[in-house]
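Heads up, there are several structures right after this.
The following pair of complexes shares a single chain, subunit A, combined with subunit B in the former and subunit C in the latter.
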Partner chain A sequence: MAEVINIPATEDTPAIRLDAGKGQIEISGKALPEDSLAFFKPVYEWLNEYYQSPLNSTELHLRLDYINSASTRHLFNIISGMQDLIDKQMNAKVIWHCKSSDEMMKTKGEELQSIVDIPFEIKEV
Partner chain B sequence: MSESKSYYLFKKLSNDRLSLIFNGEVNDKITDGIIRLTDFNVNSLEDLSKMRNRVNYIMVECFQNLVRHGKPDDSEGLNDSTLFSTRVIGQANYISSINLIDANRADMLKEKLHKLNTLEKDKLKALYFEILENKQFSDKEGAGLGLIEIARKAGQPIDHSIENINEKFYNFYLSLKLASREDLMDRNHGETLRFTRQFDDEIKNSNILMVYKGDFSKESILPIINIIQERMYSPDESSRGKSLYSILVELLQNVSRHSLDTQNKEGLFMITFHDNTYTISAGNMITAETKNILAEKIESLNKLNNYELKDLYKKTLKEGMFSEKGGGGLGLIEIARECSGPLNVTFDDADNNLTFFTLNVTF
Partner chain C sequence: MNYRTRYFIYGAIFGCFFPVISSIVDLLVQGLPFGIDSILQVQRTQPLHWVIDSAPLFLGVFAMLAGIKQDEVMQMNQNLEKKVQERTLDLHEKNSELSLAQKDLSKSLEKISQSIDYAQRIQMALISNAEQMKSDFPGSFFLFRPRDVVSGDFLWYHRSNGYVYLAAVDCTGHGVPGAFMSLIGYCLLNKITSEHKHAGTAEILDTIHIEIQKILNQKRDSEVHDGMEMALCRIDTKNKTVDFSGAGMGLCYIGVNGEMREVKADFFSLGGFHFKPNFKYSTQTIPYNTGDRFYMFSDGITDQFNDKDEKFGLTRLRKNMALHSNKPAADQEKIFASEIDNWKKSTRQLDDMMLAGIAL
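Here is the complex of A and B:
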């Protein structure tokens, strides 16, 4: 499987880094792809592979400036999918990074936090 | 029910393959956005893509002309907005502008244009180099190089009109039609301006700041968002700016997602300014079936307060299935949460059992 995948940011899609060796998933920037399913497909595929033999500890770092509604759904799916790891007695955690001045992204983080059962930390900078 | 403004414009521009009319002050970022938007649209119309470089070049010169001569320092309360319009109709691309100028420049400009319009191609070129070499000209005057360039690239006399408003000010109308050589031969002087000013004057005298009719795929949506952000003063960072950004993204992507023709995602977008309030509208054709679903959805959303909307948002995110179109109704909830009042929508019945649906958001 692809151990590391780096997808560079564009004007309407975030940078994504998937690192199986570190058990880290990072999504940063603006997420408003026109076709959100096509955009997130490689992430789903990588996760499917990764979950076959995951590390003991997996972290999802989110540093988003903006996310549209369609992408929020995919983010929810990705976060919910981490339940698999918890069921296997492994560690999984979401870290939501946002500027304390960014009300919209802070609220987005809190709302996602409130509807998932995965450890979810909001880090304001 | 009377017809909505957006549908009225959509019908009025029904022959247009692209319409972009901007009514306000232009700056470099707005210029960039407008050029990007036009460039993408013209380039994607196969039969017109050859024209692309010429269109871009002339637009840049026109903008520079507007920015340089944009408006007098003090317009004394007159409508001093600058109008810029680019429209593709059939095989022709129309580029036109209207701007206010000081009366003391009117005669000079008239004279200059009159002279340019009588010159043949090689004479224009000679004049261009002559002025380039003779560097004694003022900044504001720009030596007329821009106009010479426009005349050279357009390969036609520049249709124009310089009209007295009062003793201090004039309106400067400029209009070009880029089309085939045959079309140029058949054309009468003044015909292009007569055509473009019908619509341009109507927009200029209305509270409309921008109208766009064309493609709504991401290549168009992104520059539109940039133009609006610039126009509406809101920096990305402020929470109001972010709200606006979110409304724009969801509104525009909504058109793109629900347009009937997936190849050609056509719709109309406009902004009006009235009583210190901006209204952003996006409209497109939908089927009778979609109309019923939407009407019901919007009616139920409009009954909810902010807390209930938040709960619905979370519930939809958690349980909702993706709709066929991949949106899942979250977009509308998102818009309802970001805008201050209830969602304001209009449904205009059109032919073939279709309806023109417009979502209006005040901001």
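Here is the complex of A and C:
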């Protein structure tokens, strides 16, 4: 399995960087793929592989400018994967980066923060 | 004849002049008569002539060397020309392939467009709900901007059990997948309100959530997580109350006195899986006065970018609601439409947009 996956951003899809060596998952940009499942499939495959032998500490960095509702549901899945790591006594953390001028993404981050039971940090830039 | 042979002959002929002229000059200098014998004599006695006699051979060879180069250049030219011809032929072929492909594409596009246009007619039959709302509640409007022809956003309006039900629904996806989801949502709303006559708005949402999971065979690990966000109201015109339950879509309420109130929705949308397995939707009951208004809208409006990559945002939308809520419905619809257009300009629309304004 590829330890590091780099998917470059396009007009409709975010950049994704998966680094098993650092235990880091990064999604940044605009997420509005026409076929969200096809887009997130490589991420799920990587995650399933990663969960076989995860690092003691995993960070999910989200730097999203826009996310459509179909992609949000995939985001839930990825976040609930972090939850599973914590249930297995490992460390996992979500870091939600957003522009302080973007009230929509800020609100989305705060709403997510309020419903998950895992460390969830909001960083405004 | 190739260049090397031709140049050799020219060189040799030119070279012949040297022995001829040198022999003539020698004959003149020595005062000998013209004739084969005298020529043979000067050739024999003067060894310099032997060198001069070799001129045709050397000049011929040098000229041939130039001829060889010339031949090479000619060969190269011919190869190049051949290549150009081949390429031109290739290009012609590619061109005709492309124009065929283009024809195929425009045919496919036409077929798909026709199919979607037809689907739109079916979907518009559902959305004509808005007309009934407008006639029952004059002063209400529905601004509807699908991103593609068919839409994942829709408005549902229904009178039964002595109540008026109203829902603004934003399905996951847009275009065709969004429209598929909208049909599921539409049918579920009709089914549940007719089967469970006393169900409150929260129970309706709970039921829709479970029904979507069943219909799409959704489990936590399944691939299809689709669903919808919904703002659902049950208006009791006798007791003048609005029961509201929201699944990821809230309500903006403006009293006849101009006071604005944000009615928040529950976070979870319908369908897919919820982080909290035993989650139940909540209901808020809002007493109203005649002339109060409320607005429901999809995030396609608030999330729309302008050419500076800024979003329309909730603050801007609320500000416009506060400014224009007293205006007649038709005016409001125009104002909101032009606000959105002025924001969006030529930036592409990312999602379906809908804004319902209801005057109680």
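The rule is simple: the second predicted complex is superposed on the first by the 125 of 125 C-alpha atoms of A that agree within 3 Å, B and C clash if a C-alpha of one lies under 4 Å from a C-alpha of the other, contacts with A are read in each partner's own complex, and residues count from 1 in each chain.
Throughout what follows, a contact is a pair of C-beta atoms (placed from the backbone, for glycine too) under 8 Å apart; a residue touches a chain by one contact, two chains touch by 3 or more.
It should be emphasised that the depicted structure is a prediction, and the values quoted were computed from it without experimental measurement.
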In the superposition on subunit A, see if there is space for subunit B and subunit C together, and answer fit or clash. clash
With both complexes overlaid on chain A, does A:66 touch subunit B (first), subunit C (second), both or neither? both
I'd like to know which partner A:103 touches here: subunit B for first, subunit C for second, both or neither. both
Considering only the touch criterion stated at the top, classify A:51 as touching first (subunit B), second (subunit C), both, or neither. neither
Contacts of A:32 with subunit B and subunit C, given as first, second, both or neither: both
What stretch of subunit B clashes with subunit C when the complexes are fitted on chain A: 6-14, 114-122, 186-194 or 222-230? 222-230
After superposition on chain A, the subunit A residues reached by both subunit B and subunit C are 32, 34, 36-37, 66, 68-70, 73, 76, 101-104, 111, 114-115
Spell out the part of subunit A that touches subunit B in their complex, as residue ranges. 11-12, 32-37, 66, 68-70, 72-73, 76, 101-104, 111-112, 114-115
Please give the residue numbers of subunit C that touch subunit A in the complex, ascending. 170-175, 177, 220, 223-227, 229, 267-269, 272-273, 275-276, 299, 302-303, 305, 309-311, 313-315, 350-351
Sites on subunit B touched by subunit A in the complex: 217-218, 221-222, 237, 239, 242-243, 245-246, 249-250, 253, 256, 310, 313-314, 317-318, 320, 322, 326-328, 330-331, 333-334
Using the touch definition up top, name the residues of subunit A that touch subunit C in the complex. 32, 34, 36-37, 65-66, 68-70, 73-74, 76-77, 80, 83, 101-104, 107, 111, 114-117
